[in-house]
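Chain nomenclature is as follows: A, B, C, D, E, F, G and H, assigned in order of appearance, with residue numbering initiated at 1 for each chain independently.
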Amino acid sequence: FRQGFPEVIFGAGKTAEQILHIFKHLVYKGNTVLATRVDANSAEEVCRQVEGAVYDSSGRTLLYKPEGYELKTEKKIGVICAGTSDIPVAREAEVTIEAMGHRYVSFYDIGVAGIHRLFAQIEEIRKCDVLIVVAGMEGALPSVVGGLVSAPVIAVPTSIGYGAHLNGITSLLSMLNTCASGVTVVNIDNGFGAGYSASLMLRV
Amino acid sequence: FRQGFPEVIFGAGKTAEQILHIFKHLVYKGNTVLATRVDANSAEEVCRQVEGAVYDSSGRTLLYKPEGYELKTEKKIGVICAGTSDIPVAREAEVTIEAMGHRYVSFYDIGVAGIHRLFAQIEEIRKCDVLIVVAGMEGALPSVVGGLVSAPVIAVPTSIGYGAHLNGITSLLSMLNTCASGVTVVNIDNGFGAGYSASLMLRV
Amino acid sequence: FRQGFPEVIFGAGKTAEQILHIFKHLVYKGNTVLATRVDANSAEEVCRQVEGAVYDSSGRTLLYKPEGYELKTEKKIGVICAGTSDIPVAREAEVTIEAMGHRYVSFYDIGVAGIHRLFAQIEEIRKCDVLIVVAGMEGALPSVVGGLVSAPVIAVPTSIGYGAHLNGITSLLSMLNTCASGVTVVNIDNGFGAGYSASLMLRV
Amino acid sequence: FRQGFPEVIFGAGKTAEQILHIFKHLVYKGNTVLATRVDANSAEEVCRQVEGAVYDSSGRTLLYKPEGYELKTEKKIGVICAGTSDIPVAREAEVTIEAMGHRYVSFYDIGVAGIHRLFAQIEEIRKCDVLIVVAGMEGALPSVVGGLVSAPVIAVPTSIGYGAHLNGITSLLSMLNTCASGVTVVNIDNGFGAGYSASLMLRV
Amino acid sequence: FRQGFPEVIFGAGKTAEQILHIFKHLVYKGNTVLATRVDANSAEEVCRQVEGAVYDSSGRTLLYKPEGYELKTEKKIGVICAGTSDIPVAREAEVTIEAMGHRYVSFYDIGVAGIHRLFAQIEEIRKCDVLIVVAGMEGALPSVVGGLVSAPVIAVPTSIGYGAHLNGITSLLSMLNTCASGVTVVNIDNGFGAGYSASLMLRV
Amino acid sequence: FRQGFPEVIFGAGKTAEQILHIFKHLVYKGNTVLATRVDANSAEEVCRQVEGAVYDSSGRTLLYKPEGYELKTEKKIGVICAGTSDIPVAREAEVTIEAMGHRYVSFYDIGVAGIHRLFAQIEEIRKCDVLIVVAGMEGALPSVVGGLVSAPVIAVPTSIGYGAHLNGITSLLSMLNTCASGVTVVNIDNGFGAGYSASLMLRV
Amino acid sequence: FRQGFPEVIFGAGKTAEQILHIFKHLVYKGNTVLATRVDANSAEEVCRQVEGAVYDSSGRTLLYKPEGYELKTEKKIGVICAGTSDIPVAREAEVTIEAMGHRYVSFYDIGVAGIHRLFAQIEEIRKCDVLIVVAGMEGALPSVVGGLVSAPVIAVPTSIGYGAHLNGITSLLSMLNTCASGVTVVNIDNGFGAGYSASLMLRV
Amino acid sequence: FRQGFPEVIFGAGKTAEQILHIFKHLVYKGNTVLATRVDANSAEEVCRQVEGAVYDSSGRTLLYKPEGYELKTEKKIGVICAGTSDIPVAREAEVTIEAMGHRYVSFYDIGVAGIHRLFAQIEEIRKCDVLIVVAGMEGALPSVVGGLVSAPVIAVPTSIGYGAHLNGITSLLSMLNTCASGVTVVNIDNGFGAGYSASLMLRV
């Protein structure tokens, strides 16, 4: 049942050589290939040797789309992001969605303390079929969004914060205790997991 | 946009009188009504006064389906459950699914330490469009299931365990760190949230 | 410098006899007397013996206002409350404000997942000089309110929730990490502390 | 309602280029501009290019006051600080107060283990309209100060300590459990939040 | 080397029968006998059957002093107590000191938020050879006392508090991070351990 | 009773000089010598000076087997490893087993999310007399393995993961709460402890 | 491979009826049957209806040994227990060993603070093939025992303690960090797991 | 009452210039001067400029004893240390004792897993008037020592360990839960606090 899924490499803790080796091997097999948590040096190495590999320096992802890559559906995933520091996690989600063969729309810089920015975009947000909401600090955004839409919401806590933020644990706990219905949660900074799950939901 | 959604009462911390009052009021408005975390006494009171209200003593839910209630789709949600002690949480999810107008299939007593029971049912499980996996203890079941299916998986940790189980925190942490792709998580014992989100996914 | 302050009894862990004894003694001295965390039995005893003592069964406070009690200022404190289960904490704050000789306005049932209810009242909320925001679950309300007003906001986390709510620790952490400016925090369920601090702010 | 408020940049995680870019842009709009958590290199860059920008190397803040800047009131905020290692957090608070258009008085090196130093200054401290108390270690100072004054007290825990100090969590917990009335708390090391809230209180 | 030490029974989790049996047996051997954590029922049973056994209902201790019991030294231990709810722990310490054959002086209701009460007694406190300081809430008292005396201070955190007090963990952490020198700490509510250690210090 | 046991050096926090000094001294005494947690530089130094010392750069162990070294039994220990990032911990266990004079078989890259890889090897795994199962992330592998074998299983959590993995605490908690019988646990990343205990079990 | 293993029922959370029903059913199949965590009432019910079922009120176990039950080996397991409050956990281990068809020897009341009691028995302890060490409080006993024997040691933390004992987490953490080699750990109060694993080790 | 006490500088977070400046100033006043947590560079600077200043590179202390320094009593403090990695903390305690004008005896490398080493020295240990016991890992040594002596014991947890050691929290919790009487505890790695308190005890 692996048909229709990209090959994915988790780059954290792997050397440039290891990533290059696996990446090349998978590209050779003809599939879409995604590598996450790739530092700039390793990425440069891969991009030099694999034509078509694209590095996103914000999300730290490497993506290779084979010939014949095309979107699987008209449906789309909204990716909402609280602060500019949360953007890398949003980007990891977005490139994952792309690797899965799906479409996304970005809504950045939508914090709960400036809620008019959310309302300015709510009509576009409601057009999305699934929503990913990325937030650090108090992690309140998924609750507010969840109350305004009827699509499923995937909340992604980030490690952005300090002191009692506990490296993201606070955002995570907050999201798990949301008073909005229809919100599920992934691990801290796990943009990949959110993008992957959102893509599966488009296929239900 | 509340069309097609049940009215929901969170019964925890409410008196029998309060639950009865709200329940009656909502039934009167003609909608499907669901109450969760309802103790047996309150339930008895409601069932005596509201014809058609049904109490599930395992999941501790009260459900009232109005005339004309019907399933919204042919799709179905699989509810997998590790141990017998996890069944109440699974039941809360299932009745929620019913309240949302969807269909579920139960797979109970599927623990990771007796994995043949999972394999015995894997074909039926793979036919489900969304999966809810309920587990206490080490919370490993969603990882194993997630690796065997391509539908989205919602993991529900339960408070079943003792000692270093920390009232469910261990299962929760375990699920958030799953090595399977396509798994999202809700709060400990939150069968309602899982059933609600799964239902939204059927509508994507 | 204790002029203009009520006498306060912390009732938790005190017997009915102890509370009665201290309460009577302080009333006798002619001051406003406030007792918090008083159970119904103790309250009944005090009310029977002390004319003018008023028990609030929701906030579990006993208040005695001496002859000549009057409001100290025209300014007022808004008390905003997320869910009905948070009302007891809001009530503890409100009665404390009253004991301090100040005025409050209540805004109940203003959850972040139904944010239109907040907007329906925002003009009245903005007329308040100080705001107390009481919330359990994900504790997101103070962030949203803080972004909409320029008065100081005191956030009160409550122990309302379950599972990963950790008896209020989640709401507390969330509030400490608010991305809104102008928000300070008190201990879980500490309505008294919020009401007291808000009153001091009116006197700045 | 943003009238009378500075523009604020949170410098943590931003590059010198990003800070410079935003800072210049906001100065151009004619407002007071404050940047916090700015490292020396970024600050140097900004100061070279923006005339009138002042860097505080202890508090790591950049402040630009436009022509016509003046204090908004005669009231003043006392900033009390337990140990010399807590001074950077106190400085962040003080520069924020200045950015808000208010006045502060510093009381440094006032530890609870040498309480005569507190008493030596208590008369001056009592003249302040609002107090900010910054402390690491056991975080006891706000309790002692709170018991001696009737102004509102904002407690700021710091990350100064080791071992069971847990990077400031101990000071934070301690302050949240103060037995003094009239104390509210902000996040660990959040001098900005304390200065901002204290300034709002002056305007009540 | 057990000469000069009482026999001690830890009553928690023992039945009245068990306590009675051991108590009688030890009294019979002619030694001083101390039992801690004894509930009223068990105590009544022991007192009925063992002449000379004395129950302290606050500290929940049973003490039997054999004929010939006398104080071992002129030195004395000061037991300082923050709030009235902390008195039971102070009492456990005091009866332990008595069982060890030493003398104590009590200083109750000395909270940090009303520090004048401490100063009113400081001369008497300074006459003590060792000090035990019992406190719940923010646990700040040992720091203040430690800064005012040159005797060794034993800090005893109590479980008195709520919310972020975490059943005493906050007081404990606070005391371990004291900025006063000469303070050591025992477990939460461990009046016995404090009294025992203080007594050993008198014998150094 | 130290007969039949290697001399072991815990290299963490020791300088190259210290390790070399102790290593040489123990080799001189004629015993098998094992050093764990040795960085490459220290290892190079030892290997240059001690003939026969072998460095494993993955497990970061140094092993010296004296003349006459031989296996103590035909029995063998299976070392199962979830992800490639867990291999260093598995290697520490394996070299420890070798130092103890025992035999091991490696089963690498056996994750729960790809459970067919476990089944492909289950027959070989069942031939082992004791099993060591190394896993990070959700730590589910020991539960699955434990349910499939009747040999004792030693679970080794690793620090591999991020966010809510808490540096291995999640894997550890998960393993302690296994629903499989016959599983015991060692500290995070403690390959040495697992290898040592497994070897003792072979000698029972 | 279930040959030679008892059937086990985990009684916690099961009603008397449920336990009785399963117990009877398993006895009927002719196997050894063990139920753990059985309260006195349920046990009485089972014992009345199942001839040969034996209840251990300390360990709260029910054991039924079928005709033909016999010990599988001459080897034996030592069960060492720190305090009398730890005995119930030791008993759960011992009855489990018996259910597995093995032999145990008890060494009770062997605390680290009275280490001569350990030395008085060390010769007998060294004759055991596997050791189970049960301890609450600081959980130090397995380290001391582990240093004196060369058999594998299984450490069982118990929930016996108060305050900073954290319901057994302290003992658990302590045991996981033992400086003795050859010690593995099971969950808090998990006498069953220890007895089961120890029995498997006898069969290696 | 500061007569007979050294001046103490806490070097952590201070620059070489700051340490030098304060150190010189205090030496000039003619007192004993102690600085703790001093890195090698700062120390070199001080030693070059202050004749008589002595740096201990293990304990990272700087000590200056003025002319006329002499021991205050014949009594002595035993400093017991579990592993070689704990020695720096022991050294901090010892130099503090020296600064206080007291005498110490060192007992190093006394681990609980090799308890014969403790017994080999127990007679000398019993001659000490106060004991400091320094230990990382499971922190069991103070319990064992406490059971063998009748002098007061100060337990110092260290941050030596890994994984579930939690940077010393495990050792700390373990020591707070000791089953030995007469043990008090200081913060993790706080050799200074232990040495200071032990010295005060000699003066009781």
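The rule we apply is simple: a contact is a pair of C-beta atoms (placed from the backbone, for glycine too) under 8 Å apart; a residue touches a chain by one contact, two chains touch by 3 or more.
Values in this document were obtained by computation on a predicted structure and should not be read as measured data.
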| item | value |
| --- | --- |
| Joint neighbours of chain G and chain F, given as chain labels | B, H |
| Between chain H and chain F, distance of the C-alpha-averaged centres to the nearest whole Å | 36 |
| Whole-Å separation of chain centres (CA-atom averages), chain A against chain B | 27 |
| Between chain E and chain F, centroid-to-centroid distance (C-alpha), Å | 48 |
| For chain A, residues contacting two or more additional chains | 163-165, 169, 172, 176-177, 181, 187 |
| Chains that touch, pairwise | A-B, A-C, A-D, A-F, B-C, B-F, B-G, C-D, C-E, D-E, D-H, E-G, E-H, F-G, F-H, G-H |
| Residues of chain F that touch chain H when the two form their complex | 12-13, 157, 159, 167-169, 172, 187-190 |
| Residues of chain E touching chain D in the complex | 82-83, 111-115, 137-140, 143-144, 146-148, 161, 163-166, 169-171, 173-181 |
| Residues on chain E engaged by chain C in the complex (per definition of touch) | 85, 160, 162-165 |
| Touching residues (chain side chain C, partner chain D) in the complex | 1, 5, 8, 75, 126, 129-130, 149-152, 154, 172, 176-177, 181-187, 192-194, 196-197, 200-204 |
